[in-house]
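Presented below is the structure to which this report refers.
Naming follows writing order (A, B and C), and every chain is counted from residue 1.
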């Protein structure tokens, strides 16, 4: 049962091959047996899941047509869930049980989907290896000595280890795409503003965007249909008609132009990764797509601009965690300053503190123009690169991350090396464009991701391209040998 | 040495919206602590702001009223600092691109001189919550403070002036004028005691014509009287320091309304670096010309225009018209009284005299007056038709204030009607003349010039005998006739 | 970045940084700043700053009360409350 895709589960629930309760119990069982290996969940909500499954079975019996109805899945622990612990991977929120749901959580509830639990993540989504979680690192199901990527490493590992057929995730600089690549699954980050950020704990507000991780592009399309909505409670959410992302999945690739940015194939790219990505591009060409070489000349400035903008926004976003109204509070504060400094000093991990300090510095008097001001202008140039490129091509393709999964500790003491993990994914967030990653091969028995970037609101096009690729190949169906 | 004072104001004006600037919580005054603080106001994780349309309309109205340019694009920024009444750890405010640009406000000084105070800009922002220190009575340790976030997120406009004022009188005149403008617009309830308008005063002194001195800022003054005293004291203090050869420290001071003294704040403001940057949760606000013109077309009459109209329509002096037009509620009370009584001059005198004395004594606003405009007009009508004299009218007013009914019923019940029957008056005059033969004699011997003064004695006697009810004009005439007749 | 500069930043951000790790923190922040210093060389003539990816405009909400009192639910998860107030060590103005 756990090998099934969401599309298959939805069909089998309706043909009564099994009930939602049965598959939910089966997956809960798997999680309790296997997740000690991967640490992909922070919280498993078994009781609630079974209750939701029973409700879904009633809905299914009365002919409910919501594709996610009765389908078990997991939420990244960054989404607030009413009455369920929501930690954001931090000690700061180790006791935080919100009395409200994120918009995304409401959307899945309304669809009748069954939440299995909350997945582990880098603390406050800051990290590319899942080593910054207060709840311990997540292990890559392909090689448990390796990182799953981050920050949505728990969601990625849960899907890769067949503990959940799909999971929600968020992407601020690559946090969906990079772990999807490293864990050999499919993940999509939609256009900024397509999915509501209400109830999603903020890292960098102008970059954060929720998306999904699944075993296939088709499943990602099904989940995104449920997830995306217009939400008045998020001022940056876009009031634009919703598209049925599954509707265009059969479109042929003939006439689609795929741009290959030369800057994504330079120094630092692992040779095996490069070969796999180039082979995948050939595959797209075979399927009818036209391949065109393009240039995104400001690519080299994306990581520097990001590491000003994201820390600056996070330094303010995380000020609310002060030990006063919720979350961690230090023992016996001797005065107000002590309350603030120790609650925050003890409640946040090193990487979070590092980014707050960098952001504080970049915004402080005398440095604003050189850092934040300049980064905002560079951000414009990066967006402009894409605007120009999309005049000539429909989709951009390249590697998701420079190399396959690395060993624990390999980069954890070197923040800059860690930040360069996202060198190909970050520009997409700065521009607000949709991007996805799909498996395109193995290097040393570890998965490689092909990244696709689309124009604004062209998620449908991306998903179709990915789906066509997955019709012609079976990289997405590969599972780690250790997983039965 | 001749010193010159330089004063600039920053005024926080609470907007009279139903809800907060970025959430749907009520801003009604006086609720139980934290019962009007929703997830957004509490800065719960994952919550996001959505802007309140009415706050923008009100800010636009203010901008138009002070003849300012409206920012067609305004941007919210985050002002970062930690304070327990600031749940997000930053205040959402405007800095680089405020909604209201430079404007001006004209004030009238007691010398009769008109002065223009320039507005540097006005911006929209959210208010903070409140700290409560009375732990002992609220069941917590005196070493703790309690935080109430009901006020957090209340929409404010902060009006920043140029340093154009030169003394306390000018600053207070400006403050009163601003109060008059925002209450006339209906964008603020003007309740100073509830903190609906709060003034931060920047004060420096310099040798006349010299360079600007170091300024201090005294925060959160919420009455015109405190403001006046605070400025006078601070100017005195600064001059004293400078004359003794000292220097002024740039500092933030707090005024204590109980002791009428100010002191420097203990928290170190100078260590702050607010790290402003555009709020990524909010987008730029764009107001187009159509919108601005639409708002302009809904503007109510403003104090300056109203003053002019009062001068023209009711033939009032500039001073009277200014006093009566400043407050929208006073102005409408005046107009109702003037119209119903048919005598604007009397209405003005009564309003600025008896009525305002009563209101001041009992510390109530005109809205709470115990004598309605209708009743006051009724009283004025009886003065005009000579049913009662001015003196008796004061007695009737007192009775109306005490809730004894309208003027006519009080006059009836108390028998206060003026005696205008000439037969009765003649009888009284005869009686007084026969009781005071020597005074009559003296009068008749006195020369023409002294006689009017001596007439007063007889008038007084008759008024006494008639309980003040004798019609004074008629009485004068009869008296003069009889005394002059010999 | 030296430890005393870190101390100043940490104070602005109200973060306690342990004595033992402050050198390490200073070093790693210096490395991050040298990464972002690449921005300084960027040619940005004529480009305008971009705060939001979509250059969209703020939507407005009608001025209608939509939030009910939920004090109990919110204060259930608070570290310290009394009489409906959140408690903190004494605030000194």
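Operating definition for what follows: contacts are C-beta pairs under 8 Å (C-beta built on N, C-alpha and C of every residue); 3 or more make two chains touch, one makes a residue touch a chain.
Predicted, not measured: the structure shown is a model, and the values here were computed from it.
*Asks:* Are the chains arranged, by touching, as a line, ring, star, complete graph, or other?
*Replies:* Its topology is that of a complete graph.
*Asks:* Give me the ID of the chain with the smallest distance between its Cα centroid and the all-protein Cα centroid.
*Replies:* Checking distances from each chain centre to the full centroid gives C.
*Asks:* At what distance in angstrom does the C-alpha mean of subunit C lie from that of subunit A?
*Replies:* 23
*Asks:* At what distance in angstrom does the C-alpha mean of subunit B lie from that of subunit A?
*Replies:* The separation of the two C-alpha centroids amounts to 58 Å.
*Asks:* As a quick test, compute the distance in whole Å between the mean CA positions of subunit B and subunit C.
*Replies:* 41
*Asks:* Do you know which subunit B residues sit against two or more other chains?
*Replies:* Residues 39, 42, 44, 50-51, 82, 84, 147, 273, 275, 280, 282-283.
*Asks:* Out of subunit C, which residues touch more than one other chain, so two or more?
*Replies:* Residues 12, 14, 51-52, 56, 58-59, 61, 70, 74, 80, 86, 88-92.
*Asks:* Which subunit A residues touch at least two other chains?
*Replies:* 96, 98-99, 206, 232, 235-236, 315, 319, 322, 324-326, 336, 340, 360, 364
*Asks:* State the interface residues of subunit B toward subunit A in the complex, per the touch definition above.
*Replies:* Checking each residue of subunit B against subunit A gives 39, 42-51, 78, 80, 82, 84, 87-90, 147, 273, 275-277, 280-283.
*Asks:* Quick one: in the complex, what on subunit C touches subunit B?
*Replies:* Residue positions touching the partner: 11-12, 14, 51-52, 56-67, 69-71, 74-75, 80, 82-93.
*Asks:* Can you tell me which positions in subunit A touch subunit C when the two form their complex?
*Replies:* Within the complex, subunit A touches subunit C at residues 95-99, 192-193, 206, 232, 235-236, 238-239, 298, 300-301, 303-305, 307-308, 315, 319, 322-327, 329, 333-342, 344-346, 348, 350, 353-354, 356-358, 360-362, 364, 370-371, 373-381, 383-384, 414-416, 419, 430-433, 456.
*Asks:* Subunit A touches which residues of subunit C in the complex?
*Replies:* Per the stated touch rule, the residues are 6, 9-10, 12-18, 21, 25, 28-29, 31-33, 35-40, 42, 44, 47-54, 56, 58-59, 61, 70, 73-74, 76-80, 86, 88-92.
*Asks:* Please give the residue numbers of subunit A that touch subunit B in the complex, ascending.
*Replies:* Contacts found on subunit A: 79-80, 86, 88, 93, 96, 98-100, 102, 197-202, 204-206, 232-236, 312-313, 315-316, 318-322, 324-326, 336, 340, 360, 363-365, 368, 372.
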